[in-house]
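Common to both upcoming complexes is chain A, partnered first by chain B, then by chain C.
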Partner chain A sequence: MEEVVLKLAAVTKAFGPLKAVRSLSLEVRKGEIATLLGPSGCGKTTTLRLVAGLEEPDEGEIFEAGKLIVSVAQGLFTPPYKRNMGMVFQSYALWPNMTVAQNVAFPLELRGLASKIIREKVRGALDLVNLGELEQRPVPLLSGGQQQRVALARALVYEPDLLLLDEPFSNLDAKLREQMRVEVKLLQKKLGISALFVTHDQIEAMSLSDRVAVMHDGDIEQLGAPLELYERPRTPFVRDFLGKTIILQGTVAAKDQERIAVQMAGAPRHLSCLNHASPGVAVGQKVCLAIRPEDIAAQLSPSDGENALRGSIETCLFVGDHYEVHLRLDGGGLVFFYLPRGADLEEGRVISVKFPPERVSVWPA
Partner chain B sequence: MSRLFLQARNLVKRFGPTAAVNNVSFEVKKGEVLTLLGPSGCGKTTTLRMVAGFEQPDEGEIEIENTVIVSAAKRIFVPPEKRRMGMVFQSYAVWPHMTVFENVAYPLKRRGVKKAAIQEKVSQVLELVGLGKMESRPATLLSGGQQQRVALARALVYSPQILLLDEPLSNLDAKLREQMRVELKELQKRLSITVIFVTHDQIEAMTLSDQLAVMNLGEIHQIAPPREIYERPRTRFVQEFIGRVIWLEGRLAELAPGGASVEIAGDEPLSIFSRRISEDVKKGDDVIVGIRPESITLAKEKIAGESNQLPCLLEKRLFLGDRIECHLRYGNARFTLATPITESFSNGQKVCLCLPPDSVFIWTKPTGLTE
Partner chain C sequence: MAGISATVFPARLRRWELQSLLFNLVLATLAFVVLYPLMLIVLNSFQTALPGEAVAYSLQGWRAALTEPGMRAAVANTIGLSLTRELIALPLAIVLAWLLARTDLPGREWFGFMFWLSFFLPSLAVTLGWILLLDSQYGLLNTAVARLFSLKQNPFDIYSWWGIVWTHLMSLSISVKVMLLTPAFRNMDASLEEAAQVCGAWPLRTLRRVIVPVMAPAITVVALMSAIRALEAFEIELILGAPKRIDVYSTKIFRLLHQEPPSFAPATALSVITLALMLPLIALQRWVTTRRRYTTVTGQSKSQRLRLRRWKWPAFSLVLFVVLLLTVVPALSLLMGTFMRLYGFFNLAQPWTLRNWHDVLYDPIFLSSFGNTFLLGFGTAVLAVLVYSLVAYITVRTRFWGRAALDLLSWLPFTLPGIILSLGFLWLFLDVPLFRPFYGGLFLLVLASSLNSMTLGVQVIKSNMVQLGFDLEEAAWVTGGTRWYTFRRVVLPLLTPVLLLVGIMSFISATRNISHIALLVTSANRPLAMLQLDFMADARYEAAAVVGTIVVLLTVGVALVARLFGLRVGLHHGG
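The block that comes next holds the complex of A and B.
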């Protein structure tokens, strides 16, 4: 059994009539990055602020390393500075009137450490984030990426049990974001630190996390490893929020333990889908089929083979490293998929696409 | 072969001491989409505004179907309202106090078109952009995507000879932008209308254009169809601005017709052969090497007898959903490479990159670039 560093039990928070967080429960295990992912307004930042102690819940309990730190029923609320957590904000929240070293030293001074120890720890934290050379630099002279590294060093310097990251990369440009993503991941593995990370960016969430909680409307819709969420979404919201999904309509023609056969308009035969994602669809029921564009295999000579569908090319968009092909299926549905550069297809051409049975999921319409 | 429609020759526009547009020339054929693509401040919008007549060039000429409409030397300047051009702006510029119908009818009213004709034209063009049922809706109640469709309908309603689009998709969210991109392309083809399109977004530029002009610092670096720009960039800027590139530094060791080899500094010095060499490099020069990541194959170890193999350390693999992003290091150079989720490498492993000579580009190393 893994050690739990943070536990939320049935935590609720309302702002006036709006319930931002609804009876949410979650555990963060030691050494993992757990991520709250969702669109704006889903309650992810409020949840993080409840953990940090910047908000008080209306109901529920929070445990830090097994110890109760917040309980509405018992009237218990541990203030933020008594929680051993380091927080990094989207806006960095650095003091512009201080140098890099002074910013990082601040939490230690607040805790009354001796100045010799402070110097050592600050140096150690700045080396970790590769800012060892910039100790004396005033903060306003740093780039966005460097400022975010200072904020990270400041959060790490007093060796917290848990790192709280609130959209830390959102203010960085695309290239820097990509670089910081991998730096944070490598650093977190090296230190073995636990982190609760909040983001609306699915790429960040999937690449950084050990487990992701997809949030919707104040609660967790699904919690799991990134690959599991991507390949086995349990709700339409999770399916459509992560990655790109193509949805087509059909009717269940037959069904057994292993497979579901779906009749689609204009298709010469049933489409066979492995029966894994979809509880409770019955023969005769109207359903949605979901498939990821990268799972669609194009067959340039039209075929009527198993799980092959014919269609004509509507547009072939050149996007640099590949083509995005939009295909109008014979039955009227529209799908898109990718082809490598070099495969130049003229519009109007009839081809087939094959849907691998294990990659198509069936959902109630 | 389609007819030449618009020609811009040696356009110059100065704002104070700086030339926002510096000797820019291009041609647009009838029914074709020409895109001006570049970072902010490259002069693309100023160029479009000169075509529209919102700015007067300091030098140069613009000709439409063999009639000069602007010439600095001959002091010719046809005002915007006489140019028969439809323009769509980034900010929509839809009138909030009018309905959808009134917004689109406005340019026709100003031209004194009869009421019955206005009704017919507006209905037609709203149908065209998929807003047929929204005629009487106040413009303020529309979503961003719908407002942009109104702006497009308003630009199309008086059958302009050419459509000028200034970052029309930039204010839309990512999903809507993707959808509008496809819609715009299909509409343009259906109407076979001539378009000049301005954007800083390379994906929009590549998917929508017949010809693509890549601009930087007031100048056009290259004009060609998107695929040619992508596959045969003529300058380092063009390669860097479009698509992803892996950069390495080295020294040009051998130069022969049809190929060159570069010595790359790193953990294990090695030599890479290239067939794409910038004209200004000489033997012995410090050079930078640009490679498109998607043309690279990643192997577990060196393949015997093959050249152009770069041994790298795979520092970290990140799962991105539809692909794995591999973070690699060779010497001091760090770069990323996307691989399918089916690959089976592990973190900390040594890997080997195979670089096809046709996808390795050699450029002069700019002075002042830090090591």
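The block that comes next holds the complex of A and C.
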């Protein structure tokens, strides 16, 4: 059993009539980056603030490193300054009246360390984020990326149990964001710290996290490794929120242990599907089929092979490094998929697309 | 297109000339009204003849101002008293504003309202109320405390140095700062505070190490503004300083001009000295406000108020105590005073009476003063709205060459202590034959009052005009409206609430403030506030209390009615 640094048990938080967090439970293990991912207003930032102690829950319990720090039932609430967490704010929240070194030294001073040790630790933390030479710089004179690093150094310097990151990359431009993402990942690996990370950006979440919790409407929809969430979403929300999904209508024609055969309008044969998000469907039931566009294989010469569907090209968009092809299926459904540059396709041409059975999932309509 | 421009051009040229003429006229008038009196003060400090007499230059006034011990004491008192009360008021106001803006203090909305109310209580009324409580002989609080601790003599004396400090604290020193600081604290980026807490800083440490330093620019501005305005002080010292001869420069000037014969030269010299002493403050204030500040305000501050927990009720009690001292206590005391046969003498056989109200309300002097106050208030409100909006419009919206000068001129009256403004106007109206007939008329007071509220009023209108956005106006021009037509049909209607607000603020300060008209009032144009002061000078405290109560009802009443209609009369726009 891995060590758990943070545990939320059935935590609820409401702002007036609005329930921001509904009976949410979550564990963060030692040394992992756990991510709360979701659209704005799903309660992910509130959850983070509950962990930091900046909000007080209405129900539930919170444990920090196995110790109970919040329990509504017992009337226990540990204020933020008595927890041992580090936090990087979306706005960085660097104190503009202090220099870089003073900002990083502040939490150490509060812990009553000797000034010699403070100097060493500040230097160490700033070296870690490659800002060693900017110690005496006033904070307002830093660039966005530098401010981000100072905020990170300030949150790490006192070796907190858990690092909290609230959309830390959202104020950076796209290039810098990618660079910081890699840096944070390397730093986290190197220090072996545990982190709870909040973002609405799925690429950020996927690339940085060991585990992702997709949040919707104040609760966790699905929790798992990034690839697992992407390939085996368990709810329509997770399926549609992560990546692009094509939805087609059909009726269950036959069903056995592993395979569901679905009849689609205008298709010559049944489509067989192996990826079962909901095995409970019955023969004759109307269902949705879901497939990711990158899983669709194009066959430029029309064929009627297994799981192949015919259609005519409606439009072909060049999006920079590949083509996005929109195809009207013979049965009326619309799908799109990707083709590499150099594919020579004109509008109106009839081709076939093949849906690999292991990539097609069946959902109740 | 050529045909159209040929026919339109001459008309536009004429209009343009007219407009430029108007702008220049505004600038010239304002410059004259603001700068000429100042010049007269400087000039007349070197001459010893009375207004209207043959001019005689000498250094006698300066000699008197620099050598007479009374003069030096007045300057020393001015600095000592202002500094003492500012040093007490500022830290207290910071803590109060922080409690109101950033914690879950119970009743904080209501407390904010009470500080706001306190802002509208005239100083003279507050002074009168506290006299009843803290008079060295009969003060209610004084005797109560003496009895409680069985002291041989009463512990407090309001007619003293500390009495003056106390009354200032209870009048405006604290409440104005709280009103200015609370919105500034509320707009602070909450995450700065939260970051300190997550790092392990306790609330008071967060306040001391992070919030106050981060808010330092705003606090400095408020401190400097208050310091400049502290030199405005007049009526409290005039009443409370009289028995022990504690004079500040403003009361000294007043007394120099009210002795027989009036000594103008030392009074003007003293004014010049005061202005010179203020210069560094003014320069500093100007520098701080124009300097680039930290960006500490963010749009997305979903801020959680700090939970005070077990400090909740102690903090509540503290704020409640302060708020009651600022409002209810002096107001009730004042009201009680109006029903006393002899002010403060509770041990008479029949201490209570309705005679005072009867006497004052049927006194023709009161009735004419009441009329004067109304005319003064409304006149000031109308003139203020017209002039301020014009000045604001020209500085914000046009490319008029003199708009920077106009801006500076509209800001200058803020730094002019009322008594000096009053003195300058006195000279202006006695010295310039064209104006002499206006002396003793209400117009003179209206003009002085309009200048008195000018800086704040122009600021408020300007900030609202800036928010309005230029494109609304440009859209009207494009559809064919002239500048004046657009101003009338688009700008003015959109600004109506703000203009009403400025009008009401001007009405209230014209009704309440004294020092800027103190030297201009005669028995013919005397408003209520001045009547109250005169009653107090004659030791008719009961009648003064009645007049004071009526002034309070006027100012607070107007402010409350305005608030009912959704107009936030106050300071936060200008800050």
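As a working rule, the second predicted complex is superposed on the first by the 364 of 365 C-alpha atoms of A that agree within 3 Å, B and C clash if a C-alpha of one lies under 4 Å from a C-alpha of the other, contacts with A are read in each partner's own complex, and residues count from 1 in each chain.
Simple rule for what comes next: contacts are C-beta pairs under 8 Å (C-beta built on N, C-alpha and C of every residue); 3 or more make two chains touch, one makes a residue touch a chain.
Note that this is a predicted model, so its numbers are computed, not measured.
*Asks:* Since both structures carry chain A, what do chain B and chain C do when superposed there: clash or fit?
*Replies:* After superposition on chain A, chain B vs chain C: fit, no clash.
*Asks:* Here's one for you: vertex at chain A, rays to chain B and chain C, all C-alpha centres; what's the angle to the nearest 10 degrees?
*Replies:* Once the two structures are overlaid, it is 80 degrees.
*Asks:* Once chain A of both complexes is superposed, is A:Met85 in touch with chain B (first), chain C (second), both, or neither?
*Replies:* second
*Asks:* If we overlay the two complexes on their shared chain A, which of chain B and chain C does A:Arg292 touch? Say first, second, both or neither.
*Replies:* A:Arg292: touches chain B, not chain C.
*Asks:* Would you sort A:Trp363 into first (chain B), second (chain C), both or neither based on which partner it touches?
*Replies:* neither
*Asks:* Of the partners chain B and chain C, which touch A:Phe63 in the superposed model: first, second, both, neither?
*Replies:* Touch status of A:Phe63: no partner.
*Asks:* Thinking of the overlay built on chain A, is A:Trp95 touched by chain B (first), by chain C (second), by both, or by neither?
*Replies:* The answer is second: A:Trp95 touches chain C but not chain B.
*Asks:* So, does A:His322 touch the first partner chain B, the second partner chain C, both, or neither?
*Replies:* first
*Asks:* When the two complexes are placed on top of each other via chain A, what is the minimal CA separation of chain B and chain C in Å?
*Replies:* Across the overlay, chain B reaches chain C at a minimum of 9 Å between C-alpha atoms.
*Asks:* Just which bits of chain A does chain B share with chain C as contact spots?
*Replies:* none
*Asks:* Okay, in this complex, where on chain C does chain A touch?
*Replies:* So the residues of chain C in touch with chain A come to 189, 191-192, 194-203, 205-206, 209-210, 213-214, 216, 294-296, 298, 300, 304, 307.
*Asks:* Looking at the complex, which residues from chain A come into contact with chain B?
*Replies:* Going through chain A, the ones touching chain B are 178-179, 181-182, 185-186, 202-203, 206-208, 226-227, 230, 242-244, 292-294, 314-315, 317-322, 324, 326, 340-341.
*Asks:* Looking at the complex, which residues from chain B come into contact with chain A?
*Replies:* 181-182, 185-186, 202-203, 206-207, 226-227, 230-231, 242-244, 292-294, 315-316, 318-323, 325, 327, 334, 336, 341
*Asks:* Within their complex, state which residues of chain A touch chain C.
*Replies:* By the definition above, chain A touches chain C via 49, 52-56, 79-87, 89-91, 93-98, 106-107, 110-111, 140, 154-155, 158, 164.
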